[in-house]
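Should a chain be cited, it is by its letter among A, B, C and D, assigned in written order, with residues numbered from 1 in that chain.
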Amino acid sequence: MSSLTFRQKLGRCLSSNFFTRLVTTLILLNAVTLGLETDAAVMESHGLLLRAVDQAILAFFVVEVLLRLYVSRLAFFKSGWNVFDFVIVGISLLPSVGPFAVLRTLRILRVLRLISVVPKMRKVITALFSAIPGMTSVLSVLLVIFYVASVMTTQIFGASSDPAMQQLYGSIGASMFTLFQLMTLEGWSQDIAGPTMALFPASWAFFVSFIIVTSFAVLNLFIGIIVDAMNLMHEEERAASVDKAHSEEMLAIHDVREEIAALRRDLQAARK
Amino acid sequence: MSSLTFRQKLGRCLSSNFFTRLVTTLILLNAVTLGLETDAAVMESHGLLLRAVDQAILAFFVVEVLLRLYVSRLAFFKSGWNVFDFVIVGISLLPSVGPFAVLRTLRILRVLRLISVVPKMRKVITALFSAIPGMTSVLSVLLVIFYVASVMTTQIFGASSDPAMQQLYGSIGASMFTLFQLMTLEGWSQDIAGPTMALFPASWAFFVSFIIVTSFAVLNLFIGIIVDAMNLMHEEERAASVDKAHSEEMLAIHDVREEIAALRRDLQAARK
Amino acid sequence: MSSLTFRQKLGRCLSSNFFTRLVTTLILLNAVTLGLETDAAVMESHGLLLRAVDQAILAFFVVEVLLRLYVSRLAFFKSGWNVFDFVIVGISLLPSVGPFAVLRTLRILRVLRLISVVPKMRKVITALFSAIPGMTSVLSVLLVIFYVASVMTTQIFGASSDPAMQQLYGSIGASMFTLFQLMTLEGWSQDIAGPTMALFPASWAFFVSFIIVTSFAVLNLFIGIIVDAMNLMHEEERAASVDKAHSEEMLAIHDVREEIAALRRDLQAARK
Amino acid sequence: MSSLTFRQKLGRCLSSNFFTRLVTTLILLNAVTLGLETDAAVMESHGLLLRAVDQAILAFFVVEVLLRLYVSRLAFFKSGWNVFDFVIVGISLLPSVGPFAVLRTLRILRVLRLISVVPKMRKVITALFSAIPGMTSVLSVLLVIFYVASVMTTQIFGASSDPAMQQLYGSIGASMFTLFQLMTLEGWSQDIAGPTMALFPASWAFFVSFIIVTSFAVLNLFIGIIVDAMNLMHEEERAASVDKAHSEEMLAIHDVREEIAALRRDLQAARK
């Protein structure tokens, strides 16, 4: 007579090492078949096989997600990783004919499940997301500077009817893209500052200031993350080492006090 | 009978959470209307409404700044953030007709008030400014190198009558801009080193040295900021932890001494 | 009668300072001759001499590796550096005529032996390799993102028959190269985003996201290495300093306890 | 009757705050006049005045260096900064006519004296130089990689008679410049990898590997400097804080021991 219900047995089975390795292998296999599907020559010769393998793996994933949903019931949706798996498998089931043909290309997103299945990669993403809250203040300041600069460049440089100016600063969207390019420093002189300075000679001051200010802000973003990461990892170990020394010393001092107390008892005994 | 004067009540009201949230909302709304004003199609259909909203929000800001000026009187100008708000709102009141039409574009600077109103963003800017003093020495060295290099390139490369050389190194200003571009590495080979080396073949040595020296100087600027930031944040926590352990140990040793003193008193009592 | 076998004597000789310096000098000399061989004018005038020197140095290296193999026997292959030397010298012995002419160019790899001979450079490479395990998780995530993005761009942008699109995204290989270029930010706007956005206007969202995500991932790679390096070097010294203070204090407290014990003995003696 | 010799008095005078400020002012003034000399229009109107001021300041510097040489005698050359001042002033005295006209442009180097005169800037340069020893190992490895790669690219890509290949890889010097450009990522795809891959399709592997390897090496260079800087500045403060706590605790324990000794004396007195 088994002491575990069928659901519990299934749950153990789904979280077993063997099953995890099986899923990882299937994801990697699917990554290969989806990659091969982009090659026209391969598709002509082995297209049917590739599609069949793809359908079989998809079927496996659908069953897997449904089983995990059955095991955990509504608690399934409490984990962001489960929701991630559910959405990615769900997308693959949508009809991909007619206007939805673009959805076929989203099948490759299934390979992202690798990140949710392999614990080490999962940890990396968790760490990346945990770094975001510490960045919001600097990111907000950067966004305000970007928005103000893009409205100004749209009003000043975009007012020119020159086609180059219209392409670079024709709308707020165009200006923001141009300013993003300026921030990455890519072709800032030849593609952006050059044509603008030809019409607005004093604009060099704006470009140089914007580059220095955004570089400085991005640098501070980086430093913030570094300092946070150091604090987190470093502090723990440091505290542990100081605390160990501290508690050993406190223990030794406690022993001293007990010995003095014993001495006192001896003395009181001697007085009698 | 109220124990607070009208001025004190007003001061409390202006620094209340509700009022801060109201100002933040109005700034965001103004950011949206100023953004929409850059779109010709929207201006044609809703131009009057946008302008009216803009005027209303400006009126609100003028009253707000005047009230805060009334509350704090001359102490108002002691805070850099107040001066910042005052100047930004003041600019919007300047006549923007005729030759001053460009001032209209400065209205978007009002959105920068978001930084002075939201405490977290204010903190970011304060931190950025507090990093500047530690950078002045390295920045001065960088500036001296830039100035010397720009005078030299103007005298040597700018002496050539070649139009490309004239554009790159025609004056100290042009040379400084070229050297700034060189420092950002943007197109340094194709746009700058290429044409120069065609006329001055040995100039590669200058370009390679300048890139290495300025990269190294900028790197040291960054390291300085990182080390300062680490020292500031790290030291505090570390010191706290060591100090806590230290004071606990000192207290324990103090107890030991008191117990020894008590023991001594006992002994003296026994002698009698 | 010597107490050392010939093999032991030879081993000492091969690891002596003099021999190391001799090998270093020969590698540097070989670097110079191989460099001069690339100059057609020099080859015409001193070609025979250069080839003779090269052959003589190669002969020396072959004998050296064989002797070290004789001294250490199979233990020789336990050190990665020995395998490295063996392979590099071995390559030079392969016939370099006919279809293998390209192997001649691999002779310059012998200069890499400098790294295995000079201890300080050896240490740098060891440190670089020891940093790799800590990077595998982030690198795997980056690789998954790259693969998924390259399949998607091949399917979406590569589906266009436009020659520019075919060159950038014609196959998964082409897409990966393009995405690598995107990650280095080199010409991302003019060479990649520009032509793509001309056909797929909404693709700016993909480019901006990809740049931000990969920059953030690469940044985390760097931070991971920095934090690891700091932990390694910093912790050691810190621990040493805390531990020294700690053991001195523990010793002092131990002395106190011994003195209390002595006091107790005195007291017990007094009671008798 | 003065107790100081004339030489000692002069030495005090030359190192006084007033004199340092005077020299700083003259260097800044000279920087301005040398900058103005690059402007043809200014030279035509005020050329004689500028030259006169320049000659007067040079005369002052010559006298200053000679006086400092007289005060310190041969010890003058022990300080690198003095040698720096001596060489820079010396260059200005060389005849700058005929073939030496280029030496005139070196007059601007005098502005670099600002760095040797202002203590804070002096400190920056000292710090930069002190970082170099820790970088030599990584720099040597980088140099070996560069040399090997440049010989290989010269032999393989430079063997092609294509003019673009000749320009990029025609000689070891050209290859090294190209590889330096590759390392800075500037136009690596369009200017370097593009034309090379047109002739050698498999060369993408070399370019991608070289970029990754050199980026990783440069990164390690940076991390080394950061870790060193942190160790230096951080350790000092940390050690101080731990040491202060430690010596206070040792003192307290010492007091405890003295009190126990007093107690023992009391006890011995009681026994009598």
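To be clear about the criterion, a residue touches a chain if its C-beta (ideal position, glycine included) is under 8 Å from a C-beta of that chain, and two chains touch if they have at least 3 such contacts.
Values in this document were obtained by computation on a predicted structure and should not be read as measured data.
When you average the Cα atoms of each chain and compare centres, the chain farthest from subunit C turns out to be B.
A separation of 39 Å divides the Cα centre of subunit B from that of subunit C.
Separating the centre of subunit A from that of subunit B, both taken as means of CA atoms, is a distance of 28 Å. Counting partners per residue, subunit B has 185-187, 226, 230, 234, 238, 242, 245, 249, 253, 256, 260, 263, 267, 270 as the residues that reach two or more other chains.
Taken chain by chain, the contacts form a single closed ring in which each chain touches exactly two others.
Of all possible chain pairs, those that touch are A-B, A-C, B-D, C-D.
Here subunit C touches subunit D in the complex through residues 31, 34-35, 38-39, 102, 104-106, 108-109, 111-112, 114-115, 118, 120-121, 123-125, 127-128, 131, 177, 180-181, 184-187, 191, 222, 225-226, 229-230, 233-234, 237-238, 241-242, 245, 248-249, 252-253, 255-256, 259-260, 262-263, 266-267, 269-270, going by the rule given at the top.
Chain contact summary for the complex, subunit A toward subunit B: residues 136-138, 140-141, 144, 147-148, 151-152, 154-156, 158, 171-172, 185-190, 204, 208, 211, 216-217, 219-220, 223-224, 226-227, 230-231, 234-235, 238-239, 242-243, 245-246, 249-250, 253-254, 256-257, 260-261, 263-264, 267-268, 270-271.
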